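Given below, in the form of structure tokens, are the structures.
Across the two complexes that follow, chain A remains constant while its partner is chain B and subsequently chain C.
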Partner chain A sequence: MRLSEILFKQSRMLYFAVFLVSLLFFSMVLVLLINVKQANLETHSTNNFKGKNLYQLSDNLYNDRETAYFSNSNSYTILRDFSNQLAQNTSLNYYNSIWQPIEIADFKGDVHFDAYYENGSNQQPYEVKGKTYRAIKSLQLNAKVFELNHIEAEEGTLFSNNDFIFSNDDSSSIPVLLGSDYAGIYKPGDTIHILYYQRPYTGNVVGILSPSQKIITANDPERLLDRYIVLPSMSFDNHVNVQAGRIFFKASLLSKINGIIITDLSPIELNKVMSTISNETHFNDFDIIGANSIAIKLLINMTEANRSLLLITAAISMIVVLLLFLWIISVVIRSNSSVYKVFLISGASFDQLYASTRNQFLLWVGISSFLPLFPLLILVSNPLYFVINYLLIDVVLCACFVIAIHLFIKRTFTRLNIVQQLKG
Partner chain B sequence: MSLTLINVKKQYNNVLLFDHVSLKANPGEIIALKGKSGTGKSTLLNIIAGLEKPSSGEILLNELSFSEKSVHELSRVRREYIGYISQHTPLIPKLTVLDNITIPLHFIKKSEVNKEIMARIDEYAALLEIKNLYDNKIEQLSGGEQQRVGIIRALLHNPNLVVADEPTASLDDETSALVFECFNHLKSKGAIILLSTHHAAIAAKCDSIYLLTPDGLVLESPEISDL
Partner chain C sequence: MKLNIKTKLYQTNYILILICFLSIVTSWLISYFDYVNMVNNGYINKKSISFRLEEMNKPFNPNLSGYILMQYDNERLSPKYVYINGDVKLPPIIKNNNFNIDKDIDSHAAIVGASASIESIPNGYTITGTFDTSHSYRLSSDIWLLSRIEELHLDKGHYFIFTSPSSSPEDKLSALMNGNPYEVLSMQNYGTYSLASNSLFQNILWALYLFFLLIALAHTINGHRKDGKLITVLYYSGFSTYRLIWIMIKLRLFSFMLISIFLVISCVLLNRYIYSLWDTSWLLYSFCFIGFQSLSIIIASISTSCQYSVKKEGHRF
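Our next item is the complex of A and B:
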């Protein structure tokens, strides 16, 4: 019978408690790692908006003014030029996230994905040319939205730069990204038939977004993308004939000029910039109004507070668990004191006692440190990032455990004073 | 193998326990150590067994000097040459008698119970009348039987020096006699037996009796005079 086996036999339940507490500790490390990643992502994203001035751009084209404006044959070209200049201006970030449902033929998802599911007014499916269409939640986002919100793909890829440029009138395909709830329903490489501003498109699924991806929008400081189909908000080059396909271009261009301006410029400075763009493009039917900046600032502060709270809570919990772990080790050593006495008078050195005790605990720590990886591998679809980072942290923590356990064991043995106990 | 103590001193936190402790024990000698409670008999035996270091002085086992060795190195000396028996022999309750007896084998790299070792166990178990208890769990044994298990464990590696701290304190006269018979058997093999005792009857059976005082050992029996 091995020495470690003898020690284990004496205090099975206590060793089991060591294992459980160690497992709890390493599970907390993994949960913390996952949460810190998410919190970092959110803090990183909201930091892009921190200290900036946010303005909402809104056109004045409604009712008679809209009719009058579009009676001008150059109206589309003016709108196109205005939106392109906005996007190209380096003194501001033009942020365009458009909530616009799209119709999808023979959609495979359930009602959760329907455009109006959340407010309880789902529309009935309808048929066009033998295909059944449903209105599905969709956002059209420009490249700035991806950049500032740090959007990541769980599978496949994000849009390329070219995807944000309308190529030509004849193109009938468009890249699409799907929220994480679409995993298992569609996959990268699949195609879906879309009606986008009444224009038929074949949507090529290029990627599935990571879970819990959020973006800031004009109406909602934290919009979750999990149930959304994301299309690129495309810009139109000068060679594109925006006069053709009027509904599509009209809707696209109007939506493009109703975005958010994120800038360091003061209101006066911004007015100056916008006046220049307006004069150069001959479009002046717009207003600059304050964006929902209070909600966004609140979100930024809350995100930072959440992150701090998460780290503080995790640190306190882990310290408590570590203290509990050390306390159990001390109880195990004390309950095994008769075994250590036997070992000592049988010829063991103190170093051998420390080593056999330490190895016993490290065995349980080692096993319990790997166990949290199994649920991670099962539950998370793309766990490589977490596995690699967890293993790196695991190695460092296990090294710390080796040192801490060894020192604690020596200290406990010193206080226990087995030689003194032998004196009876 | 002889045991020599030269001016051994022990103090804890500047409180002197004993000083000037000197002794020369030859092979085949049984020495009793007497003294009031708290005079440091157990401490002196622990020092001789290599479990504690003296504050000063020298302990020699033949030519082997203890003062040059660390407590870690002394454990090797203990496992090769010394058998240690304490008043309340610690045993591992969930193991059998035989498992408890053979624990020292784990530390002398002979984890197998070979014929030679088993014969030795049988020899001492027969002497101490516990041969029929090998498979019993420790918790099934009486106090006297447990003490005898501890004695056999201490003698498993054929020690040259046996250090016994009140080995018969919790035993009845009949069992004490068995234990002493076992010591005599060891003596005949040339081992030195150094034991502390309060029992005058046990001390009387020893070759020499020393009284431990703060100023050193005082010889009580007239036989040994060559110190």
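Our next item is the complex of A and C:
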């Protein structure tokens, strides 16, 4: 289109400026889209806990009672069966996150990974068989924790289903996940020598988590995983000989039965379910107490309020930026009015003017709207959702621009009085 | 020679004022988000310093003001002994009866969260307020025992969090410590600070601020370009280049600076009397914007005046 070429040559700088502004505008649209999705993801993960009843399970095996209980030869088997039944019962949603430091040999990280760093009661490293061990912050999580919290790995992978099953054959290696503060110190594929309940293990790093990943726990509504080593809380199936390695199995089983239950069941209904399990497994040395759900409710409120605030501010800022962009388009069209005068005098019609201007704009705006997609495809792992939604928004915005261009040119056209211009 | 060109030049300035206002609002939003995050994190800022004091050789400097110092036991974070000095913004508090911060510090007041365990308040403290927040689980379970800095004693706890609205809290903390050696701990930030959507949105607000800066700059350059012909005519009429520069600056800059400073002053008054934030960093960003625009107007005035007056050979009829 010769009209378009001449139009472009007359105001190259202006169209380049429009291109840059348009690029910035569409990048902002895309990033806002990603932000909205992220905010939705955060509320979605806290919604798993919304409106549910939380109960804490607590065993009664202390001091004398503990000694008396474990003098029975069946005690380990009973505990094992009890914990397996808890995990398998779908109405209970048994959620267990165990805060238990582990000892690591020749640990490469600095002092803020130590188990009691925040409390100040840092323990000195000790030597066993030539290796220096330090107590490091660690969490053991069962599969339900991963299911109900949205946890992402930046490098490597998360645990697989088999990792949560204790295996007697390969019993000296265990997969571990590291929090994001470990990035640069260890990487996926590294091995770490750990003592887990006094049992030596070779920890294989399977993944490093993204920054600021967190889980909801009974004691702390937010437990940030950045400084933690995460181990899977393993379940013992029927073939495992729990009698060998007393401290490890005793501590593991006891910690496994002190989790929280997230359920719709009322206290009476829960009591019924728990008595059934208790009768089947012959274990009743436990209490069900209400967990601190107020703090978790406030956390859910906070996440939702954050999302609302973001959405409102994002919508308002998008409208403002859109209006500014339309104003820029009108400025460009107005500054081209002398070129339009020449075209009109030469015999061009309004439709031709409108078509050539519209095509110019759509060309530059269209190219700049596709450019932000390239970094998206490279950086984001699952971009399909974003691409589709972004293209939809793109089409709507371009339609908006086309209508605006039509109105602006019509206004410029009606303001030009040809006869007056010809008279000079 | 008086010229009646003021009308045309003043019209285009409205857009610049609007963009200036939008950037002030964006700066304020950046600070507002930070304040909301601070409340959600238990009134602990990103710039707060967490430290441990093993022994206190000298008392803290009682003359320093403009900070909140929290002292707690390492076993549990609540209750905290809180020392407030100077005019700092407090978290949202529902006040019982006559709440007066200076009087309450002297009379051992306690401010509690809605779901705090009140039994852990020691004798001698009376509850004078409740934290008014339905989103901050950390503040809701918190207990602040207001005390005077002279009463600080290490058996109340060895752990401290120092928060100050000043631009360098580290210097203020060293001044407060008065020579006592302290060990800085690295602290994690909870609440909305740990939400990725929140930190991403802060970056978007910065991008928006930059966007407004660039649009205003482009508008200034474009506007000055249009004045080129006017400058040429004036130059041929006998005005010197320096006089032209002065006219351009007078007409473009002064009105902008006047109105934008008026905007900033009204925002400051609104901030002080209606809704204030923790610190005044938004004011700094706003002044940066106005300063940058003013500078760009001056440079554009000089360059277009020189370009359109002297031109190629600087001929004058």
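Rule of thumb we're sticking to: the second predicted complex is superposed on the first by the 272 of 424 C-alpha atoms of A that agree within 3 Å, B and C clash if a C-alpha of one lies under 4 Å from a C-alpha of the other, contacts with A are read in each partner's own complex, and residues count from 1 in each chain.
In this section, a contact is a pair of C-beta atoms (placed from the backbone, for glycine too) under 8 Å apart; a residue touches a chain by one contact, two chains touch by 3 or more.
Source: prediction; values computed, not measured.
With both structures placed on the common chain, the touch criterion links A:35 to chain C but leaves chain B unconnected.
Look at A:221: by the touch rule set out above, it reaches chain C but stays clear of chain B. More residues of chain A lie in contact with C than with the other chain of the pair chain B and chain C. In the superposed model, A:10 lies in contact with chain B only, and not with chain C. Contacts of A:343 after superposition on the shared chain: chain B is touched, whereas chain C is not. After overlaying the two complexes on the shared chain, residue contacts for A:144 are found with neither chain B nor chain C. Looking at the shared chain after the overlay, A:321 reaches chain C, while chain B stays out of its contact range. Chain A residues in contact with chain B (one complex) as well as with chain C (other complex) do not exist. Residues 15, 19, 22, 26, 29, 33, 36, 40, 52, 74-75, 115, 134-137, 140-141, 158-159, 185-186, 188, 190-192, 194-198, 200-201, 203-205, 207-208, 211, 214-215, 218, 222 of chain C touch chain A in their complex. Chain B meets chain A in the complex at residues 42-43, 46, 49, 51-52, 71-72, 75-76, 78-80, 84, 86-88, 90-95, 99-100, 103-104, 106-108, 153-154, 157, 165-166. For chain A in complex with chain C, the residues that touch the partner chain are 17, 21, 24, 27-28, 31-32, 34-36, 38-39, 42, 112, 117-121, 211-212, 214, 221-222, 224, 226-227, 294-296, 298-299, 301-303, 305-307, 309-310, 313-314, 317, 320-321, 324, 327-328, 331, 335.
Of all residues in chain A, only 1-3, 6, 9-10, 338-339, 341-352, 419, 422-424 touch chain B in the complex they form.
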